[in-house]
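Okay, got some structures for you below.
Look for chain A in each of the two complexes below; its partner is chain B in the first and chain C in the second.
Take a look at the complex of A and B:
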């Protein structure tokens, strides 16, 4: 267990740093976005540079006081919400937002951890490059948090997860020492992969203060299509056909269910949908290609081939950027429709792609045996990442399902595990899924994780209670 | 330090496994491919399955006897060559060569660590997929060794290093426990990235026994071109233009120097070269595209654009697969030419791409101040990975340079470090570069590496002396 921050400790901390590096908690900033808990903080530190982060860590380490790094606070698994135990020092990266350097000819940029994702994207665009990480909270999440949680998002199929977009890190270790690892090399085999160990460790092994990010050529031309498929199996066969036909240009391949479209019709009737007759399943395909290609023609060729093979029955191909945005608006409003309906339980899972067609109906049958529910299953099919969310049947209230909520979650997670899937595809473990990790993770990997945690943070001060149960906690 | 394997220990080991799991060392199999050292072995174990590897590790762990995992033995940095200290148990993966499962619709396959890289490529091709890892030793290296060293090769620009081609691992830990991590998920954020920690750890943190590998759609059409550029700066500008013009289809972008072509002319006069007048610098560009594209036209469009911009002065574009192979034969024979001439010192380095144009001539000037040498600088320009190899001037013998060899190496490595580069881009650290690692690696990262090593292998039995100096050794 970590120690409480005494008044003496806090005074020492203030003395060790320039003025103006501490502030009180702002209303709401430590609240879980889904409203389940409120985070504790002895104080919020707002360091301006890596050396100041180092100083804070060194003093906390000496005193055994906990540290919680804070980015944009948008995480959905309580990784940033320390809601029990002694109140920690919260280190907000809000004052470390610089884009330190941009190297267009190297397709690389160095940014501080507090930079807002949208600002990182804009800095890349300013030099005619693409930083492809894109997710719902991009206007407020910070890149350090994206790295700490290995965020996923919409373009993983083509560009990978956040870890695949990072070439180097600057990290303050538990004892305050600084790893200067901001290399911008594509190949570097000089020792263990500390970078990937830090990425996705959710602030429990080190505090990321800056990163070297990969940039990409901006696709010169983009186009999107929505194709109607009979079922998820057809969608997966279509994905394989698309990869062979227009492969290197596919930026996203998203599954949309009729249930999700119904939610939009029910709660957002003004949102324009691509088909008059609501399909049971459809996919959104986004292409981004270089100057010499014609994406609309590529999508048409794919459609004709897929129609001949019986994989699709209808489709629309964008003929303008506005139309492409219209298709994307449908996809992006699906979570809004979900919130409007109100879910009983939401799940961020991944399944081996070829097993998805069996998983989806088996899960629905098991859930409907528990109660009168609807499932909106949608998401990043190309990555096997499903948002498998459970709702009351039409006319019922989610409150009527309070007593089966735990059973719903366990049913989905048990089935996911049986299908060799993951119970946290892109959101992480945080404090919400510590028990799930203990239940489903390989025990040898868990033991290795605990050994690594002890090796790099022997006092257990870094984001105590996230990912792994705090030493001594039950 | 590890313990010597006593006769009693070896008898116990034999008793614990089925018959036929041990053999004597074969002539040459533990020799360094570059002839610098010969590896020691108390015995060579040839387990048939992960449980047998586990048994061996458990007994070695109990007795404190060292283990060296052996793949194809093609590594160039002595990672597989334990040439000092007590003779270890060498675990050869030669009997674990199965392609366990292939999942074409998931673009994934599960293979055992002893599978020869060429056989892995062939198994992918058999289901019309691509496993893109490709390197000179692919006919004899084993995938477990490729993973342990995070091998690079020719297609990193497009498909990444070996770590980017791996979805999951099965690993025997130092104490013999087995991590069953053969997931085939694209997104899985359930805990620390043990997979990437194992990849590139060169057998010092665990013994990789199987892996889930990523497959890709096979490009339907391929074409290659060789373009003459004035200097490395033009080559880098051409790379940026190529990424914007034909971006998503570029599989390789290789720099070739006139010195390398001279070596071919001198020692392989029958090899057909692409240009009558030997250029100072040229690049080989390889495109692999899907069915809807025409790679020859894409290369021609690039050439015309580059010619107009003054980036290229001449070029040839393949009009047949035979011609493409002819271009590649030139690139692939450059190391043969090097061997025929005989290098004073060879370096596997990477440099931030934008700094390469300054690095190359500065290095040559510094080296020529040491002696009358020629530099053949070639390699994977798209990755910033240069093979920067130093040779005697024409008419001189490499033996005349014995006294400056260490200075040559230090000059190249010091300059690489000053340019924020890596002294081991793709070959790893092994036992050859332990001192380089200590000299050039960030001390905080080194401390973290040592802590992780102790946490996962507290007795230091796994490939002792590779990557990190063995405890107690000087």
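Take a look at the complex of A and C:
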């Protein structure tokens, strides 16, 4: 258990830092996106440099006061929302937003943890490079938060998760010491991989203050297509065909269900949809190629081949960047449609790709046995990552399903586990999935995680209660 | 009724344009190119006239390098019936007067009842080809169209003018130039893209015409617009007002 931050402690903390390094909580910034909890904060600290972060950590460590690192607050699993226990010191990285160095010839860039993802992308673009991490929250989330959650997003198929985009880190440890790990090396086999331990640790092992990121050549031409497929099985066969035909140019392969399109029609009627007759399933394929290749021709060739193989029945190809953006707008508004309808329970799961066609209908059948529900299954099919979200049938209200919400979640997660999947594909564990982790994780791994936590944060002050149950808590 | 639509292959509207180091123009190497958005609207309007039974044939014409074939195929995938490509030397910009003269030659041969063009091409923003073509042909013109109806041998065209709308009637044959709000162009469906590959595309060379297309204008300089300066954060309304006064904005 962490200690409460006393008035005396807070006064000492203020004295230890230059003026203007603390502020009150802003309305909504620590709210649970589902509206069920509100995060606690004794104070929000806004340090300007790594040494100030170090000072805060050192004092908190000495007093046993909890710390919650905060990025853009877009996390979906309550990692940044400490809703019980003594109110912690929230360390917001909002004042550490510098792009420290850019090395175009090395395809690397050093940025501070508070840089907004969109600004990181723009800094790469300014030197004609690509930083490929891309999520719908990119205008608000900060790179430190992306690293802390090992965020996935739209381009994982081609470029990997945030983990794969990071070469080095600067981290303030629980006791305030600073790990200077901002290397720019692609090869560095010098002992344990602390960087990869910190990435995805959701603020429980250290406070990330800066990172070296990998950059890539920008594809000079992009195009997108939406292909109508009969079912998820055809979509997966199409994925294999696409990878064999157009290879690594595919940067996204997104599954969209008819249910999701219905939600858009119901709640966002002005959003333009690609087809007049609403398909049951379709996939959005995004292609980025360089130099002389013509992505539209490659997509057409893929369509012709897939049509001959009976995998697709209809489709559209973007004839301009504007159309490509319109197709993406459909994909990006699906979560908005979901929110407008109001889900009973949402799940961010991954399944071995070849087992997805069996999983989807089996899950729907099991869920419909629980109640009159609809499933909107969509997401990063190329990565085996499905957003498998459960909604009331048309005309019904989610409130009427409160009593089966837990059973819905357990049904989806049990089935995911049975299919050798993961109950958190890209959003992390936070405080939302601590119990799921305990239920489904390999026990030896869980024990090793606890041992690592104790070794690096013996007083348990870093984001206590996230990922692992706080020592002594039930 | 035959409708002819000239279409231009231009740098994609959403591509960030880079100026060549020597300022002689815009760098087009390996840049995404698409159909001029106003031409897309013109094609859509022509196809709608055909679908409504008003037009019988839609012919699209492009003047440019060989790759303009892609643009013509896109127009045929949307629903145009056939295409004419007049090839010019790569990298030479064809000015509106030369384009209008070449189009006139095609029109003399094709004898359409109506020409729908885009109001301007988004690369050079000349806003001149439609008007010049009307003058060369001695036809009526209705520019900046936001609505088109065909009635009794005339086109009833609503035009977007400063501060409002104007509706005029022009006797056919006539030239209409399309504005942004005329319609929302359809997506080219993949089955139609496949069909478009088989539609007729006639290729001619600009050299086949007795028309001088050498540029008459000289580009003196091309410059990027000034970049926006970074903003600053202010802590309070008072500070904001003070800063605005300091900068002489209020």
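Quick note on the criterion: the second predicted complex is superposed on the first by the 474 of 474 C-alpha atoms of A that agree within 3 Å, B and C clash if a C-alpha of one lies under 4 Å from a C-alpha of the other, contacts with A are read in each partner's own complex, and residues count from 1 in each chain.
Operating definition for what follows: contacts are C-beta pairs under 8 Å (C-beta built on N, C-alpha and C of every residue); 3 or more make two chains touch, one makes a residue touch a chain.
Bear in mind that the values here come from a model prediction, so they are computed numbers and not experimental data.
Q: Taking the superposition on A as described, I'd like to know which of chain B and chain C A:296 touches: first, second, both or neither.
A: second
Q: Between chain B and chain C, which makes contact with more of the residues in chain A?
A: B
Q: Which partner does A:368 reach: the first (chain B), the second (chain C), both, or neither?
A: In the superposed model, A:368 contacts neither chain B nor chain C.
Q: Which partner chains sit in contact with A:3 here, chain B, chain C, both or neither? Use first/second/both/neither.
A: neither
Q: Touching A:140 in the superposition: chain B (first), chain C (second), both, neither?
A: After superposing on A, A:140 lies clear of both chain B and chain C.
Q: Is A:445 touching anything from chain B or chain C once the two structures are fitted on A? First, second, both or neither.
A: Only chain B; A:445 stays clear of chain C.
Q: Would you check which partner chain A:97 touches, where first means chain B only, second means chain C only, and both and neither mean what they say?
A: Neither chain B nor chain C is touched by A:97.
Q: Between chain B and chain C, whom does A:317 touch in the aligned arrangement: first, second, both, or neither?
A: In the superposition, A:317 touches chain C alone.
Q: Does chain B (first) or chain C (second) touch A:352, or do both, or does neither?
A: first
Q: Tell me which partner A:437 touches in the superposition: chain B (first), chain C (second), both or neither.
A: first
Q: Chain A residues touched by both chain B and chain C?
A: Touching chain B in the first complex and chain C in the second, residues 220, 290-292 of chain A appear in both lists.
Q: What part of chain C is in contact with chain A in the complex they form?
A: 12-15, 30-32, 34-35, 37, 40, 70, 74, 77, 184, 187-191, 193-194
Q: Flag every residue of chain A that touches chain C in the complex, lowest number first.
A: Touch residues, chain A against chain C: 220-222, 225, 227, 272, 274, 290-292, 294, 296, 300, 303-304, 307, 312, 314-317, 319-323, 325.
Q: Residue numbers of chain B touching chain A in their complex, please.
A: Residues of chain B touching chain A: 103-108, 149-150, 152, 156-157, 160-161, 163-164, 173, 177-181, 183-194, 196-197, 199-201, 205, 216-220, 236-237, 240, 243-249, 289-293, 297-298, 301, 350-354, 380, 382-385, 420-429, 433, 436-437, 440-442, 444-449, 451-452, 454-456, 467.
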